[in-house]
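Please find the structures below.
After this come two complexes, each holding subunit A, first together with subunit B and then together with subunit C.
Entry: the complex of A and B
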């Protein structure tokens, strides 16, 4: 079929609708490596300016770490640029297996399988392991890729209220007639930065004979005493049946993800998971860099400890200047503004002050829950944080929101 | 090709019917017509072909419920309307938010 004027017009109208709804996403061109301080060209064509980055998932500051970059260069030289194959034909090098074994040891599981991304891991894992006689019971705020993966699976789909163990228990009781029950949650939720109550979830799983799945993308490398994840933080290492996580955030920030867990479950993913079977292998350069990342992360908790200290400093600072933040302990620190336009205005003014942070609003978060999501990094120095706090204070004062609570902000700006 | 025909059913004067009631009536008659057509109550050729290809095919009358909100769409089936609605509700719960990257 030709791309007719009618089709072109239809798609243009759809794009116009996205713009009118204030949901149009624009890319900002970064002209430097990922770091605490970056060169950004925005709007397109404007002169690049240096801003402090508070919106990267570069939690451990390893995205441009010289040792990681050097390891990636060496891997490129030794194993080439691409493999032109899926894993099971001729796309598995010794370093792929080596990385899987390193991840298994780090996550405290039995086996691991690499995927091109964690989105791919989540898209493939449920369909590979469950059938129509089974049930998936997911926290209602799990990542979009989990929702997509659940849609691709023929098992019954059900949900429980966010982080509610009581509601989860009801659901587990309701589904006792199913062959397998799989509880699905994020370890750290990307919107609020809160942690799943994994200890309680594992207890319920034991009581009602269920499996537990956790997406650790916003946790691997820094949550828990040695950074192994939410399961370490909650004292349930070795008791999570399936973990998915990414190499695209704290663990180097490039790309790639994995399914890690019980040996048989991982092997079934190797046999059946379609994104693994039909998608190219993770490039050797990424694998080489990730191996160095694992070495750094397992050698010392220095970076994870610095991130923790930065997070504490940032949370205390924002609270002291009178901003309304979501309580918690993760380096995802949402500054609550409730109103979508206010969130966009504050983000724009912060950018003017040299601070790069992004406003999120419906449908990314629930209606009336607009916020600026700030993310800390071990790459941030105290001077970066102090400058960020000064900018938030200046912009917050301009909009009269310092010292105001949720109801007062809503009264001033609407929800 | 034969023209399709429709039948009109007169309802008693004063009888109040909701849109749901009318949908039930329409579906009931449609079911009767489907079952009384030649081959309607026994596996048709298409089902036989699928079975030959190894599919275990079952057919039956069921409830279909749908929900649409902007670009979000969900549909569910159930042996009863309540069952279908419960499944639809479960499916729509996954749209609570899009989630951050």
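Entry: the complex of A and C
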């Protein structure tokens, strides 16, 4: 037997190691559609309970929106369930092209290519566009899928300190001998919720003849005055060469992603990007739902405006209670606890209070930077937020961290 | 501290730390296992050493263990300066 007892034992020991390190991830079964309030079975086998969700990427509250669900149903009837093909053989319907054109107009780019996910877009884009004579210079906190994509590309790799324009400039000077320089950043960083200084980045790109890549997964649909993204917020619409983003967060939350940008770059991805060439097309039902999402976000800013108001209310509320949060303006609001065990304990107690939020700690974030990441949604009503704040206040009081700063919390619990 | 270690330490502080925490790094500080340098960002350090000391460090030798402290990095540089 190929899967010997020795192999089984070896893999079991690896799993035990993950458990002992406190890094074992367990799924929680949700018995309702995604929403501000959901029914969760946790631990497995326990009776389901209703909790307020503060950990979904459902920023615009469109994941279960009735119009989106109806459009997906109609798409299922009109274009079928699956296409049983990659895009370039017989997997491209009229609606795929329609969605790409919608995304191009929304993102303010020249062309767009759908991928099965944004992880796939990030995995394929660098290898398709760059070679050994080029350099990729990435912010040190970019998403893991970008790191993976960079590893698959033969271009020289370099990194700069998080959001540091001075360090990025040094790197651009150092790599002037390369054919192409590509600056790589997230628009909104998923763990801290801060925004990349895209205006400064674009200026440096002009000065040092570099291209700019931005992953807008935690921005598309709600950052910027009309929700077009971090480039809109920073006043550099039309000046980003490559944008990748997802349909799996604010834009409906199902799945699918894209590369959007300069016409030639997108076309090269269509010719060369391996996740596009060798993975199935996005299902018609997803494309149909996403088309409705694009219609909703382009018709009105009502949902992103409500999200902005909710974010302000939540940030002000947590600060008033005396919790230490990462300053910023995005709907990703980290409550800083610094100690990994404390983050886990607080998350567990919050769940007991009917609040679903997750603790993050090393290696997902830097050592001594453990936190609970809360995420707002346009689906949250004020009553949800008030209940959330009351729970945070109760649990925060239990652990004696209200009104305490970073050094005081570290003094109490260690880092 | 010898010149080699000082050069490496200065580079590490400039490249990987912020102004307010650079002073805490010494030749014995665990850089990778301590979370100061991640394995992905390590490539610029390797490139710096190769250029500065005119050596080639094969990828198999540029392990996170070998790059974990300024002391161990200095040992690696000396080894490859001697032609390994």
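Keep in mind that, in the parts below, the second predicted complex is superposed on the first by the 414 of 415 C-alpha atoms of A that agree within 3 Å, B and C clash if a C-alpha of one lies under 4 Å from a C-alpha of the other, contacts with A are read in each partner's own complex, and residues count from 1 in each chain.
Criterion: a contact is a pair of C-beta atoms (placed from the backbone, for glycine too) under 8 Å apart; a residue touches a chain by one contact, two chains touch by 3 or more.
Since the model is a prediction, treat every value here as computed from it, not as a measurement.
> For A:175, is the partner it touches subunit B (first), subunit C (second), both, or none of the two (neither)?
Neither partner.
> So, A:228: does it touch subunit B (first), subunit C (second), both, or neither?
A:228 contacts neither subunit B nor subunit C.
> State whether A:292 touches subunit B only (first), subunit C only (second), both chains, or neither.
neither
> Who does A:303 touch here: subunit B (first), subunit C (second), both, or neither?
neither
> Return first, second, both or neither, reflecting whether A:366 touches subunit B, subunit C, both chains, or no partner chain.
In the superposed model, A:366 contacts both subunit B and subunit C.
> With the two complexes superposed on chain A, say which partner A:190 touches: subunit B (first), subunit C (second), both, or neither.
Only subunit B is touched by A:190; subunit C is not.
> Which partner does A:143 contact after superposing on A: first (subunit B), second (subunit C), both, neither?
First partner only, subunit B.
> Tell me which of subunit B and subunit C touches more residues of subunit A.
B
> Return first, second, both or neither, reflecting whether A:157 touches subunit B, subunit C, both chains, or no partner chain.
After superposition on chain A, A:157 lies in contact with both partners, subunit B and subunit C.
> Overlap the subunit B and subunit C contact sets on subunit A and report the shared residues.
140, 147, 150, 157-159, 362-363, 366
> Over in the complex, which subunit A residues touch subunit C? Could you list them?
Against subunit C, the touching part of subunit A is residues 140, 147, 150, 157-159, 161, 362-363, 366-368.
> Flag every residue of subunit C that touches subunit A in the complex, lowest number first.
16, 18, 34-35, 38, 40-41, 43-44, 47
> For a test of understanding, state which residues of subunit B touch subunit A in their complex under the given definition.
So the residues of subunit B touching subunit A come out as 87, 90-91, 93-94, 96-101.
> Show which residues of subunit A lie in contact with subunit B when the two form their complex.
Residues of subunit A touching subunit B: 138, 140-144, 147, 150, 156-159, 190-191, 360, 362-366, 373.
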